[in-house]
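Letters A, B, C, D, E, F and G mark the chains in the order given here, with residues in each chain numbered from 1 onward.
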Amino acid sequence: MGRLLSYLAVFLMTYSFYVVFSGATSLFTLVLGSVGSLVVAVLVKNLLVSRKLKISDIRRLAYLVLYYAYYMTVAEVRAHVDIAKIVLSRKMKISPAIVKVPYYVETSYGMTLIAGSITNTPGTVVVQVDTNRKHFYVHWLTARVFEPARAREEISAVFENYSQKIFG
Amino acid sequence: MNAREVAIATSITLMIVLLAYVIEAGGLGPIAPEKLRELAASYIISTYNPWNITHSAQSLEAVTAIVWDYRGLDTFFETSVLFISIVGVALLFRGYREKTGVGGRGLSEIVKTSTKILAPLILIAGISIAIHGHLTPGGGFQGGSFIAVLLVLLSVVFSLDFVVERGLSTSRLLTLRSIGLMGVFATSIALLLVGLVTGVSAYVFQNMVREGAPVSMPPWFLDRPTGGTLLFFNVFEALAVATGLSLAFIVLSLRREEVEEALERGEWYE
Amino acid sequence: MDVEALVSLVLTVLIPLYVTSFLLYAVRVVKGPTIPDRVLAIDSLGYDLAAFMVVLSILVRSPLMVVSGLTLALWIYALDIYIAKYLEAREMGG
Amino acid sequence: MIDLVLVVAGLVLIVIGVFYDFIGAIGLLRLPNFYTRLHAATAGAIGGAVVPMIGAALVALGAEYLGPPRFFLAGAAFTSSILLMILAQAGSHALARAAYISGEAQREPILYDALREEGGG
Amino acid sequence: MELVPVAIAALSALLSVVATYLAVRSRDMLSAAVFSAAQSTAYALIYYVLMAPDIVLVYVPVSVGILPAVTVLLIKKTERYER
Amino acid sequence: MLASGLLPLLLMGSAFALPGLSLLIKNQKFYRVYALAVSVVGLAMASAIFLETLERRVTTYWFGGFRPPLGIVYTVDLLGAVLGLLSMFILVLSVAYSGWLIRSRSEYLYYTFMLSLGAGSVGCLYTGDIFNFFVMLEVLSLSAYVLVSFYRDNPKSIEASIRYALVGMVATSLYLLAAFIIYGSYGTLNMADVALKSRNPGAVTAYSGGVFGDITFSSAIAIALSVWTFTFKAAVFPNHFWLPDANPEAPTPVSALFVAVIDLVGAYGVARFLYTIFGSGSVVDALRRDVLLVLHVLGALSAVVGALLLLIQVDIKKFIAYSTISHMGLAFMALTVGTEGGLAAAVVQLISNSLSEALLFYTAGVAIVAAGRSIEYVGVLRRRRLESVAFLIGILNLFGIIPPLLGFWSKVFMFTAFLEAGYLASAVVLVVSTGISGIGYVKLINNLFREAPRTREDSRLEKTLVAKLVIATATTALLVLGASVIAFPRFMLIISEVGRGVADYLTYVRTVLGA
Amino acid sequence: MSDPVSLLLTVLVLSLVTNIGISLYGVFTRPSLVKKFISLTIFSDTLNSFAIALGFRRVARGYPSIAVIPSIPEDVSELRAAAGTAVDPLPQALVLTAIVIGLAVYMFLAGLIVMYYRHYGTTHVRPAEGGSIG
């Protein structure tokens, strides 16, 4: 059951991407696409899913959408305004530093979500990740603090909250 | 700069000056004419033309129609050139043995996970481009190269071992590739065989009904045209290209020692 | 003012700005003292070209051309990965 | 009416995109070293590519004069933007890590380097 | 109307000349590969503006996706600098 | 005609199957038989095409059922049919010979390329489409590059293959540029269509309309680019360097194919482009004559240079390669005289050259296995009666002064053709190059009758039945053809008909375009 | 030549021709095989771009469209209208074929270069014995 569910999850993800991508609602597209998605699901299921999925995992999807909305409207906008100010100012007040930021999520998906969010906001880039000791090394354009705990507050605390809820 | 370089530079300069002169002096007419060449207009008018089906490929996309139907022979042999080159690479490194467990670290965990998520999306995008080849821009080769680059990407981001362990060993890729190529070959002579069996005349690479050849591929699938052979060609070509290119890449990136022990010293003679 | 004229006008005005930023990126490609700099510049150039292609397909009214943008973005990423792999381990595919 | 709203919203997003394209380009030119330029490049990728792609999708949904293929445009543009979100971060990170490990790019100016203190991570 | 896209094509052709020159001149093979990728990107834009999306779809995977991989592989397996 | 359409597809399709089959069948003997069977079927089809063409002068096959300018059409005229038959014949011989010579754990790969090389060559000879010619040329060339590097443990063969591939790629790309230019100005890619429009720029054909721009300019540049490619393929003087590089490093049957097939395609391309497509009466007639003259001079140079360089060779394969260059130069001289007699002489020269060089390679292959590659080692053939006789016949044929042999007739025809056209100097060059190369041939014959300095043991030497059969067949073919020049008047009729057919663009155009 | 579009197209074609020259120079004079390889890819890409430029056209109003019929046509006049604005599809098809063929040759060439390096320990071409180019 759990196995079937994993296949179904991959299939649905692929198929929805496919439907949006081809933007067509003709039967030709839908039928051939379902066959293709089935093939893809069989091929990549082992690559993608490592744990057993449950029906209740749908809740996580809702968080993902919520997170996407938050991320695009709040976090990104704030960071973009900052970088625009820096680049366009005459003297470019930057204080670059590589700081250590701990993280606590367990799965690699959660870790990737946090790291991706950090990198995708201008001003912070993950340079190196230590998966054993659970640290990111983040290059921070306008570093204000260097201690790991406080840097985490500034950089990744919000992302991690969501990540915890989405991927556990 | 020695004399040889000067000579080469001079002759190349001469050549490009001549070429530029021919182009600019109107040897080819205006560079972008207002009037389409007649042949091109014929292609566009007949590529999807149910009113004159004997000259039509029943495909909305003119480029795919030309590639696989009007000039199907070119493309068949283009595929064979690719086949020759890939088998040629296999010949150069013949006798290698894939070793697993040699190691290879791959890139960081973040890149690995991201690529993992990307994998099904790129795969399905490639498949979509391949099966819509006769409706929107794209086609078998385009879709196939999407998938091939994905496999290359996987072998770079993780490691060669990873890809081999997940079942994409070279012999399996070779099998898939042969299936794809034989599919292309079978599609190209399918209607000829049908014609031979039913006793009517038919052409090699025939697609729709032609003058004096009344057999035809199915023109519609559900609510969209299939372009007859084009759909099959696209699917098989995508399979052949994807597996073939990744096969060549995997063979090229074999480690030195894997090939070294396969060298058959003394196979040649002076 | 109808939608068509509005879209065309705004996009036509925007295109010179796009081209200017492409030129600036190209300067960094040529200048970039190190390999990562150059790759980074090509990277940004490619992503912006992808977006530009999408926008251009609206302007020239050929919506079917849009897939090119996706293609470019994807394989520019692949280029990143190859160079990164080379720089990191001085090895590819293993 | 809804068409016009979609189109205008989309155009606004595209304009923002062009602006950030500019920011990215200027930042890439002005900032002193590779690691700082990475941030400008991120701005160019997210603000300059993801945002206008979403904008183009909105415009396409609204612009009826493009005919039926506009849904194709909208869908492809939207999926491209999502893919780009994944691609951009992975690419930047991979480059940054590679540059750091190989020492290809100079690190100065830098105020504090946790990674070096930890011995390369 | 048609002026703007054609101007872009011409501009990217000029850029591609610069990229080609640098690719042929540079002693470091890796940066030659990077410049050739830049040239490919410029060509992709030319193809796009000249209304050939099919070619973009096949050219970009081949020329930005596979050939740099092969070139970098070659450099890795052989040597990086030219005499 | 269906057979012409199916022949390259058959060869290529059976090549497709080989790597897949290798996963099922491990015994390499199977592949020898398989390749031989396929190429024999190919030979049968080529003969059928030849007979059909003999009757109808020009036959066509529409791929996909599309009318000519719209789709690709195979147009076989007598020249293509004769050369196709010849190249398939050599292919069969070489495949059979490989069954004796090649011992490898991956023979199936080798035969894949043999078959694809055959497909490429017949495709080039039969096609009636300018771009399709490029594709087939690329099939041919790539197979050749791969086959040169077959002994990949030999550093020299890798190096030769790289040199050959780099310049070959540039050469075929230039042909591609020529094809683009022709499309740009003529608006069509069909050879017959272009041939019609180059004579009559005002002509408007169905589906492809009229011409664009100034076709004189563009035809000139297209001729220049494509002829450069053909001289490369045919190994004529300034572009001859790849042949002595690549030829010795390839396996011996492949060397035979090189001289007999690839050079053939180069000569064929020149004949097709300068006589049928842009022939006399076309808009570039004046320029065409200049190009013909230049090619004539180049041919003369390569005849003399090849003959001179031949004298200093110590490697038997290089020796034969330079001999090929010299003889291809002669063929080019005959080809570019501009008369029907010259064309006919060129065809005879091509046939004679291909057969006898292939024969020399086959016999030399035995000597190489038995002793080594130096020309002094051919003495080992002394104890092998059939091989030594065949070797002698091959050399005498190349030398071309012994009457009943084909080589003699080809030289006679060439001589008369030169005199008829008033090219006195060319006749002198013919005699001189025969004389110079004659010294080399005499040296070789001398070696044949001397004891070889060394011999080797090789298991292949105990079972030489296949090799003997191949050599006997080639010798018989050479002798029969030489004899039939006198014995069968019809043979000469066919040959002169071939010469006439190349220049007869009207029949060509009429058959293809049906007007 | 007078109107700006023709001028721009001329600039485009001339830059392409320049590229042909530069890359051919690279193929013939650079000592490293990898450099020759890169130059060769640029060379054949340039030829292909040239063909695409050949297939471009201008229309009386607006911009030409791609060679795809956007939706299933109702009658023949729609096809004629498409032919009135579409660019030439044939060079695109030819270039598609040419690109794939080029890729095939490069793949094999790459394999050869790797083998060359294994034999000689360098990727620089050795001075030719017979004075040949390449």
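Points to keep in mind about this one:
One rule holds for everything that comes next: a residue touches a chain if its C-beta (ideal position, glycine included) is under 8 Å from a C-beta of that chain, and two chains touch if they have at least 3 such contacts.
Since we're looking at a predicted model, the values are computed, not measured.
Note on connectivity: the fewest steps through touching chains from chain A to chain D is 1. Common partners of chain C and chain D, by the touch rule above, are B, G. Steps from chain A to chain F, taking the shortest chain of touch contacts, total 2.
In this assembly, the chain whose C-alpha centre lies farthest from chain C is F.
The most distant chain from chain D is F, comparing centres defined as mean Cα coordinates. Of the two chain pairs examined here, B-G and C-E, the one linked by more C-beta pairs in contact is B-G. Between the CA-based centres of chain D and chain F the separation comes to 57 Å, rounded to the whole angstrom.
If each chain is reduced to the centroid of its CA atoms, chain E and chain G end up 11 Å from each other. Taking each chain's centre as the mean of its C-alpha atoms, chain F lies 29 Å from chain G. With centres defined as mean CA coordinates, chain C is found 22 Å away from chain A. Annotation for chain C: residues 35, 39, 60-65, 67-68, 70-71, 74-76, 78, 81-86, 88, 91-93 touch two or more other chains.
Across the assembly, chain D contributes residues 26, 38, 40, 67, 69, 72-73, 76, 79, 83, 86-90, 92-94, 97 that each touch 2 or more other chains. Residues of chain F in contact with two or more other chains: 131, 135, 138, 142, 145-146, 149, 152, 184.
Contact between chains, as defined at the top, is found for A-B, A-D, B-C, B-D, B-E, B-F, B-G, C-D, C-E, C-G, D-G, E-G, F-G. Residue ranges of chain D in contact with chain B, taken from their complex: 69, 72, 79, 83, 86-87, 89-90, 93-94, 97.
Touching chain G in their complex are the following residues of chain E: 1-3, 5-7, 9-10, 13-14, 16-17, 20-21, 23-24, 29, 32-33, 36, 39-40, 43, 46-47, 50-55, 58-59, 62-63, 66-67, 70-71, 73-75, 77-79, 82-83. Those residues of chain E whose C-beta lies close enough to touch chain B in the complex are 53-54, 57-58, 61-62, 65-66, 69-70, 73, 77.
The part of chain F that touches chain G in the complex is made up of residues 131, 134-135, 138, 142, 145-146, 149, 152, 155, 158-159, 161-163, 165-167, 169-170, 173, 176-177, 179-180, 183-184, 189, 241-242, 244-245. Residues of chain F that touch chain B in their complex: 2, 5-6, 8-9, 12-13, 15-17, 19-20, 23, 61-67, 69-72, 103-106, 109-110, 112-113, 116, 119, 123, 131-132, 135-136, 138-139, 142-143, 145-146, 149-154, 157, 181, 184-185, 187-188, 207-210, 212-215, 217-218, 220-221, 368-369, 372-373.
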